[in-house]
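A, B, C, D and E are the chain letters, set down in written order, and residue numbers restart from 1 in every chain.
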């Protein structure tokens, strides 16, 4: 716990000496992130586990829809050295699949199920990963993908309250508010040369 | 006898929270079991992506209902980590006070909750009455009894109100003076000991395998693995406190650690009140009005020690006005899902709700 | 550890049998109505009336139900914007008085959505929205949960709960610092004072805007202010430029010298410093590259209408008209008597506020879209009105006010009593190098009469000339209005005094002191009030309080009147004038002369 | 014939008295327990409100066994209560107040309830019934040994006679004092009988959602509540008559009854619930040893205080 | 004497009288079923325990739906919960009442645009009283209960009758949101 800066250096040396790391980010004295290739993930994780990073704190994914990629993130922790390590790797969005880390970290079982449920990433090697965990009778694309719009889904399926109260007082005049809002939206359209 | 299917929850007095434990029992012995989460799924991680940075402070406390402050703290820390914000010194101390009060409140609640599965309702009544006092103190500080929305990225929302120290001290003194009474009613009581001794074990070897943290881990491995010590956040490095540990991981050890932590929390709050400097309590995330606050690009994983273990927020920002991705590591995720599946079988039917209670399984943070 | 446990440990709690319970009495839980219900509910009807029953008073920071003071609220709708649950809707209330800087709308809150986060309170621009300590409300009808917060909650006054304070404030009340030339430096030259925002600073300043749109209503040309500020924030210069050009063809000029009424209407200005709207506009113009301009400007001119329009005068009005007519497809010719187009922009406003480069940029682009500029041509002298009528389908008069109003006091017709519009063009000409310093007759000490922007222009220009000529300045400014009522903008006042202009505000000039046919000073009387009860101009003076200020020259900047000499008499007979302006219909069309339009 | 009718009427009167007494005392006890929990507790007549409320509700049936079992349980218990002497001389069926009648008749009610609960088809109910029967087996054995010791010592098994015998010995010549170990066993067993913590494994809301009652609602639940109250009346009265010297008059009976019930309630309010295996183990350990010791001491050594 | 004074009450009147008597008992002994559907449940323990001592009103928690009179829907309802809530509601014995807690049950609250949470509770089960707040303080909860009692007294708490009368409407709404009310998993085959 003392001499924390050397801990991150230790990790950096440990990983970078053996594997090709695409990017290393030292976030602070307790955290370090590596971007690695998909093939290296498992060996790096087992290396880390044998070096004391025995706890899988978190596993999830990020949807980089513009790059058409998913980024899977593994966060492991070592209680003696007090460094959280993020291992990040990118997967192709269309056929996202990465082998389960169940043999290395048994605790990943439900995280992987959840990641599959919410992103649609496949985890071969995890026996139940295709079972629904949180959702029930889900009938749309995995909800944490960026192209899923929960509002649309909500509007489609669940009605909203429409209040019957009448607070508006217009005195039969032309609504200035509407005019204002129209101008606002018109102006917004101008941005892209909406005049055409 | 044939195996029988039984539910524990979602609507069940022994279930703390809206989740369901499905069990196959043979007589009274649980043969197989698993947790059915998702009853409280609200799409938080999606919702956070769709809210502004500032709006998120109204969303995050709701991730875990009983302990909103750790959520706020972890979120705030993650944002501060990406945006490289320097939080004012006073805010650090106020945050610690709030966090420790939250710890007190949830420990009282879960200790009182011990009264539910064991039928010792008097304990529940007493503990909740004291918790109510904490809630009132919270209300005075933050404006709401439960959803405080007080710890925000960059500090806290308001300074402590005048004269609140008196309320705090009187409550802490009162609680400390009745600490032995509490022990006598609860875990020193033989009828309770019969329920929690030597049962619902979580052996040392499997703690790592599951990823269980917090009291569940410390009561097994006998080492002070507390994030407040291991990687101090706020100003925990300037406060003296002990981390209660144990090497025998039965339910008794967990409850015992919890109660000892109550004393530690009391002492931490007292130290904070003494050490707290004067000054500002908040810096904005960035310039401009709140709806146009931006956070630079970056990744961060920030975690705090909640009453159930490591509570973490994984955050990705793309430099915009909204978070790009926020992931929540619920502190009770491992013991709630994998723990119930792997280590509840073999115990008795009666122990299921005690497992849920002493492990502190909080279903909203599992479902999110 | 010594573990003490037995069957009997818990027996110590039997003591609570003889202690007072911790329960809160009904009368501090229930409201009076509910307490009455409880009282009538027991089997034995109790006749006792409930006297007092109040739920526990919440803490000072309680985030209870909202209250909103309608008098203070400006209807900006910021609360609606920030609400994380979309619970707040602004509702139009035309029964509220229509005031400058306020919108006729007030928030309603849907308590079926509200999450009591108090963000709306923290961001309220006028501090009118507050949260009370009331937290009890239940109803069987879900419709009853949409409420319109007023100063009273459910018809009675309540205590304030959560209110905004310095720490919880979510607005940015301080302007991003704009770099100015230092007073000493700028005093002795005509370089532009305001340096303009860098990209980074402009974004920060734009981030302060809450997009309420109150400013739009106060802008003479109704620019899409919030929209282009948002564009700056999102780093979309092109979009912002488009939004600006939709309403304003001379943004480069306006970005420097418009009267920025918007900034006084700004919602942020209620509690803090207004957004620097004008400078942000200027930022867009300055940072947009030329090719972007062309692209945007050429877009709208699509079809050509076979009609020609003559525009008389190339001031802001004339150029504006020319631009829009051209955009509509007309062929436009602009007539200008002076050698350079721009009118008041070119000849009135001093260069430290509006450098030529900015004017050129604007006018060049107007020319680029096909507007023809015909300079050095005075209508009425070089070309007749009749000819214009014959050659063009329509004529637009956009001539400005260049003729000084006379002072009307003894000595006011002395040659050293100079009108602003005589002086200022000289200054501009000097800046352009047309005139030499020696050609301009600036005395060593000067008195300026007037409190408007023009007066300051005069005074500050004179300061600069004095500095250049004599190395020191001595300019005094006197006006009827008091210092805090001066019609000029605040920065003028601030910067003017920074540059060493002495102010004699609240005084009315009575006599120009002349000695040996030379102006020596001005006699002032204290001005008591400027307008009489009916509101017309009729100043009253306190004769006792007399003051004489010295000066060798007196500049008059108390307003200008138009010069309609160019209009032939035949036509003048048909026109009607009111307060110096030609009377016209709704769209600027002059009665009886359908081909003639005025600005 | 008329005698018989009158006796039955009187018997029903006793049952009704028992119901009203027990329900009121239960209400008062809720307030007392509330005090230990630092609160005031409900109105003293809350139990009545609850029961009448339940009777006023509509209910769902799960087949005829379910319904019939409830009626059988209630009928059986009312039948049992009819034989209960109130004081040593006041009873509906003089001479029929033999201890074994109660032991036998009370089983009818229990059986009805067990039948009905199993008829509901809910697994929790069957677990609850199973646990109830197991608990019964556990507490009955030591209790029976103590009672048999008394019967052996006195030579009678009639409750009223036992009461009179105790009263004849002078003030406080009660079996609870005379046979102290047996008294302790009887108190512990009574706690088991009444379903007080720590022996209340078969209700256990947190584990098996109130066990046998899980499927009851409305009228059936109301009847079960009435049955429960009368059962408690029978069990506490048994204790009063067997161990507390019966009662010379109604006032004494009510006082003794109240004291016993309240003491048990207060005690149980600071205990948690044991597991079913622990309950059985407990009863077969300490109370059984104590009861046997007591029997040995009292019968073979003749040491009676 | 009796025969002259006693004018036989019509059947409706007798029914009404009985109902009123029943109502008295019902409103003074409301047994709650806490279905902790959401956050608002966290303010119930203080209400039930010593600080506020709800038992004074005759209210208490009950273990199973069959025994309970009033269903407390404490906050937002995810779809998964709603399925089970409908099960639960239909199991309760009549007359039964529903109290909706907090913003979420009225119009979706903070989760109004979530993909997993319904917005209006009263489209799926009839609700008698809504309590405002997010979450409602204990005092609001207690006052809400009194409001419910008042409604029962005035015979306005008729949600359960409505559920019979407009059963088709409720069922249609449930179907629209849930697709299928029936639960499919290992335990409900």
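Everything that follows uses one rule, which is that contacts are C-beta pairs under 8 Å (C-beta built on N, C-alpha and C of every residue); 3 or more make two chains touch, one makes a residue touch a chain.
Everything numeric in this text was worked out from a predicted model, so none of it was measured.
K.L.:
Which chains make contact with chain B and with chain D at once?
P.N.:
Looking at chain D and chain B together, the chains touching each of them are C, E.
K.L.:
By that same contact rule, can you tell me which chains touch chain A and chain D alike?
P.N.:
Chains in contact with chain A as well as chain D: B, C, E.
K.L.:
By mean C-alpha position, what chain is farthest away from chain B?
P.N.:
Between chain B and every other chain, the largest centroid distance is to C.
K.L.:
With centres defined from CA atoms, tell me which chain sits nearest the overall protein centre.
P.N.:
Central chain is B.
K.L.:
Compute the centre of every chain as the mean of its C-alpha atoms, then state which one is farthest from the centre of chain D.
P.N.:
Of all chains, C has its centre farthest from that of chain D.
K.L.:
What is the distance in Å between the mean C-alpha positions of chain A and chain E?
P.N.:
39
K.L.:
Just the number, please: Cα centre separation of chain A and chain C in whole Å.
P.N.:
Centres of chain A and chain C (C-alpha means) sit 45 Å apart.
K.L.:
Between chain C and chain D, what is the gap in Å from one C-alpha centre to the other?
P.N.:
Computed from C-alpha means, the inter-chain centre distance equals 86 Å.
K.L.:
Rounded to a whole Å, what is the gap between the Cα centroids of chain B and chain E?
P.N.:
Chain centres of chain B and chain E, defined by C-alpha means, are spaced 31 Å apart.
K.L.:
Quick one: which residues in chain C touch 2 or more of the other chains?
P.N.:
10, 13, 21-23, 58, 84-85, 110, 112, 115-116, 142
K.L.:
Which positions in chain A touch two or more other chains at once?
P.N.:
135-136, 143, 148, 150-151, 161
K.L.:
Any chance you could list the residues of chain B touching two or more other chains?
P.N.:
In chain B, the residues touching two or more other chains are 5, 12-13, 38, 41, 43, 46-47, 50, 58-59, 122, 125-126, 129, 147, 185, 189, 191, 367.
K.L.:
By the document's touch rule, what are all the touching chain pairs in this structure?
P.N.:
Every pair of chains meeting the touch criterion: A-B, A-C, A-E, B-C, B-D, B-E, C-D, C-E, D-E.
K.L.:
Can you tell me which positions in chain A touch chain E when the two form their complex?
P.N.:
Its residues touching chain E are 135-137, 139-140, 143, 148, 150-151, 153-154, 157-161.
K.L.:
Which residues, counting only chain A, touch chain B once they are in their complex?
P.N.:
1, 4, 25, 27-28, 30-31, 33, 54-58, 60, 62-63, 73, 75, 77, 79, 82, 84, 86, 88, 105-107, 109-111, 118, 133-136, 143-144, 146, 148, 150-151
K.L.:
Of all residues in chain D, which touch chain C in the complex?
P.N.:
Counting only chain D, the residues touching chain C are 32, 34-40, 43, 45, 266, 270-271.
K.L.:
Inside the complex, what are the residues of chain E that reach chain B?
P.N.:
Where chain E meets chain B, its residues are 33-39, 41-43, 45-46, 48-52, 61, 63, 65, 76, 78, 80-81, 84, 88, 110-111, 113-117, 134-135, 137-138, 185-187.
K.L.:
If we count contacts the way the header does, which residues on chain E are in touch with chain D in the complex?
P.N.:
For chain E paired with chain D, touching residues are 21-22, 25-26, 28-29, 31, 49-50, 53, 55-56, 58, 63-69, 91-95.
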